[in-house]
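Please find the structures below.
Next, two complexes with chain A in common: one pairs it with chain B, the other with chain C.
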Partner chain A sequence: MVKSILRYTMLLFILGIMIFPLLWMFRVSLMETGNSIQLDNLLGTSFTFQNYIDLFSNSQIGRYLYNSMFVGVIVTFGNIIFCFMTAYTIARYKYIVNKLLFVSVILILMIPIHIVIIPMYLLMVQFGIYDSYFALILPWLVNPIGIFLVKQYIDSIPPSMEEAARIDGASEMRILFRIVMPLCKPVLAVLAIQVFFTNWNSFLFPFILTQSDSVRTLPVGLALMQGHQAIDWQHLMAGSAIAVVPVLIVFIIMQKQIVSGITTGGIKQ
Partner chain B sequence: MKQKKTTALFLALPWIVTLLLFWLYPIIYSFVVGFTNKRLLSKTYEWVGFDNYKTLLTDEAFLVALKNTAIFVIGTIPFTTIIALLLALLVNKQFKGRGLFRAGFFLPSITSMVVIALIFTNLFQRGGYIALLAEMLGFTVPQHGFLLDSSTALFSIMAMDVWMAVGYYMLIFLAGLKAIPQELYESAKIEGAGVVRQFFSITLPMLKPVALFILVINSIKSFQVFVEIFVMTQGKFETSTMVYFIYEAGLTTKFNFGYASAAAYILFVIVALFSFVQFKLLKQRGEAW
Partner chain C sequence: MNSLYLNKVFKSFGKTKVLNNINLELNENELLVILGPSGCGKSTLLRLVAGLEDLTSGEIYLHDKRIDKLEPKDRNVAMVFQNYSLYPHMTVEKNLGFPLKIAKVKKEVIKEKVEAIAEMLGLTDRLLFKPSALSGGQRQRVALGRAIIRKPDIFLLDEPLSNLDADLRLKMRAEIVRIQQELEITTIHVTHDQAEALSMADRILLLNDGEIEQLGTPEELYKNPNSLFVAKFIGFPKMNIIEATIKNNQLMPFGIPFESKQIDGVDELLVGIRPEDISMISNGQYRAKVVSSEYYGEQYIITIVYNNIVLQVSGCQHSKNIGDTVMFSISESTLHFFNKQTGSRIG
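Up next is the complex of A and B:
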């Protein structure tokens, strides 16, 4: 009994440390501007949705939110289809080219993406797609970690069903999308969440590859909002909350897949 | 047969294009540009051999960035790993509300780094909650808060990173704990080994591969620290890191592409070594499970 109380006290204490900053963010986002956001007011009665209304009517936050959603959804779908296609080729066809492909996936997996910021910037300028959705989408439609993850999964599926379908005369495309893909649903769900989160939270590339509000994503918009005006924490935290809420919702619904995605290993944040 | 081969290639086409265009080309390009004095607006540029690399090794700003990155990697990883392990042990056994605690601890890891950095910018400033707490505990807070002081800024950001990452590595440790066969504990109990003894003779040795894996992925990630530096200090107060240096040299006022690319390649070599180890470990782990 004493042990149990001790355990819960400790757990609650740690939980407090882990979630306090986010709770603080939500609380401040609901405070009237002009109020001090410090101690006395945190538990006070000041409560308003005005900051959110202000942001949506007077700032570009709605635009950023749309951009983040748009880019996130396309990149996620791209990865589901393209990572699956590539993984299937590598797992099921035994040509030398396919071996080479797998080696390429492994090698790229090891490369720190941040080292290519300069050439990536130049490339986008050369292609004339700097500061457009294309710059935010095209390079990320398929990723080596995703291919690796799906390939491991396909390896564990016995090929007997595909062979049976092949004997029945089904086309390769039909086998791929009608038979194998449904079997891969669990791993594709894990992949989708991972890609969406990474994309939703990514900052460096969207930051260096865009310059106008019309294509900027939420993290970039938020980070630059702070630099622009004297800091108004109520609005800044309302903006932050807007960036966090979609992730929170997905997390609550898909907790199981997220956890299994991490524990199957080899996932970069 | 011929048709199957075409299908195989067709399916891999998106990856092949991405690979060539967005990975190999930039990687090779930045290697080459690293030996030139290319800048944004200059149409012509010259080969300068290893000059960029030589200059880098005497560039105060680069050396500080290198040093800070090393401090970041070495200073955060032991804390992140040990705290993550302790958390994993704490929520490993079945008890009421376990899922809630796990989710709560993990929550910071899925939040956007920009948001976390903004929140902590307030918490670390004078009058912010962390500063207030530090004062209550009898520490002296720098006059302008933790982030606007060279002696505390980097360490404050490091502490925030540890806080943010522990939940993620806790989950990986939990998977490792789950993979330890229960029979080991049962036979240890029969032989009269206590909880402490069990931990040091069974749990810790069995977790070694997972711990190694965590060390490596965490260092690869820590070598690339950028967002929090950009948002919280803009590289000022002795907080510049390698990626921040690359960004600053290549994509701000100077647009010194050649120089920045050379710096990027130094980082590349360091991280590639770590990544190589990571893959070796991953493979081992895959075979073990």
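Up next is the complex of A and C:
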């Protein structure tokens, strides 16, 4: 009894530490502008939704939200399709070229992404797609971690399933998308969640590769809301809360897949 | 008319030779069982016919049409895999109808055929279930159903019963033979289980190290094994193999009178005696000691030692105590003779 009380107290303490910044963000976003955001002022001041109304009526946050969502969804679908197709080819067709391809995928994993910032910027300018959706989408349609993840999963599926379909008369495309893809649903769900979250939170590349409001994503837009002299915390926190909500919703819906993705491969089925 | 014809088929994986000069003709509606130890190339042979592997050299004809260069889907063959290979995300109904759906058969016809196959295999009440909700035997029947639904020219079964428990395996053996006869489809069944081969086959092809060791009816392989390998592989308990010599027209160590011209100048040979051909009778010719007695329900298998030679005797109705002295007889007509060097049959 005492043990479990101690255990729950400990857990509540950890939970408190973790959830406090989130609650603080929501609380500040509901304060009137100009109020102190110090801890001692959190409970006393009144509550208002004015900051949210201001954001949607006076700023481009709706546009940023749409851009983030649009880019995130396209990039996620791109990753599901391209990582899956590349992984399948590497896993099933054991040619030397494919082995080299896989090694190069692993090598890419070892290169810090920030090294490519300048080349990427120059490339986008040369392609004439700087400051467009293409610059935010094209470079991220496939990623090495995704290929690696899906390839490992496909390796665990017996090839006889595909052979059976081949004998039954199915084309390679049909085998790929109607037989293997549904079997890869768990790993593709994990991939989708990871890619979407990473993309949603991505700041550096969208910041460098865009300059106009029409294509800016939410994290970049929020960062630019901070003035040079002062920070309008209430509006900034309201913007942050708007950015967090879709992530929370996705997490609550996909919780099972996220947890199963974390444990995939760790335990014997 | 032959149904399937394999002409000088060779298959290598890199430098490893897997199949060596396979020549084979299958009769119409025949059930051929390919038998052999693990790694002898039996599954590879089946995969060559299915088109899942390419030949190194040779030709394969199905109903006089050369098929070895065709894609699997163009050969009109059907295959059942050891692990069933059902599509786990589809219901039984969809699994059964998959080959027809690909062949763009009309929905109503697919439904009709699926229902007919389901009824034939006793799966009618399982049509809306996914494979994970089925028992091993039911999954196996779905795999069979998916293979036969589009009436293939040949039916290929790759160790389909090895994942089932003993009881179900016996049931499914009979089921496969029933379906094969009912549908009159030429069938190749691969197994490493000799009991399965003997009980199901019209003919057995025994493979050893990628080569045909013997092709014949189960009786031929059992009664007239044409090599030492066949003699040892077929039969439970295994055939007793004894080193023997011919001295003064007598087969030693048993002293049986022997027509030496039968083996033409060979003095040293191997003699094979089936365990059921040794009779333990009180007035037997030879005296031996019992070293073990095993109970198998319908019989005892007793191991005896005669002149330092260990012999197994099957079909015994009574147990013996270890150390007992017993008398036994062997009839000369039941003996099998093999060349000591080559292992080939003599006489």
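By definition in this document, the second predicted complex is superposed on the first by the 253 of 269 C-alpha atoms of A that agree within 3 Å, B and C clash if a C-alpha of one lies under 4 Å from a C-alpha of the other, contacts with A are read in each partner's own complex, and residues count from 1 in each chain.
Just so it is clear, a contact is a pair of C-beta atoms (placed from the backbone, for glycine too) under 8 Å apart; a residue touches a chain by one contact, two chains touch by 3 or more.
All values derive from a computational prediction rather than experimental measurement.
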Side-by-side fit of chain B and chain C on chain A, or clash: fit
Touched partner set for A:215, first chain B, second chain C, both or neither: neither
Dominant contact partner of chain A by residue count, chain C or chain B: B
Touched partner set for A:170, first chain B, second chain C, both or neither: second
Touched partner set for A:161, first chain B, second chain C, both or neither: second
Which of chain B and chain C A:138 touches, first, second, both or neither: first
Which of chain B and chain C A:85 touches, first, second, both or neither: first
Following superposition on chain A: angle at chain A, chain B versus chain C, Cα, nearest 10°: 100
Touched partner set for A:149, first chain B, second chain C, both or neither: neither
First, second, both or neither for A:182, with chain B first and chain C second: second
After fitting on chain A: smallest Cα gap, chain B-chain C, Å: 9
Residues on chain C engaged by chain A in the complex (per definition of touch): 50-52, 71-73, 77-79, 81-83, 85, 87-89, 98-99, 102-103, 146, 150
Chain A - residues contacting chain B, complex: 7, 10-11, 14-15, 17-22, 24-25, 28, 37-39, 78, 82, 85-86, 88-90, 93, 95, 97-98, 101, 104-106, 108-112, 114-123, 138-139, 141-142, 147, 152, 172-173, 176, 197, 200-201, 203-204, 207-208, 218-220, 222-223, 226, 233, 236-237, 240, 243-244, 247, 251, 255, 258-259, 262-266, 268-269
Footprint of chain A on chain B - complex, ascending: 4-5, 7-9, 11-12, 14-16, 18-19, 21-23, 25-27, 29-30, 33, 87, 90-91, 95, 97, 99, 101-123, 127, 129, 132, 163, 167-168, 171-172, 174-175, 213, 217, 220-221, 223-224, 226-227, 230-231, 243, 246-247, 250-251, 257, 260-261, 264-265, 267-268, 271-272, 275-276, 278-279, 282, 285-286
Chain A residues touching chain C - in the complex, by the definition given at the top: 158, 160-161, 163-170, 174, 179, 182-183, 185
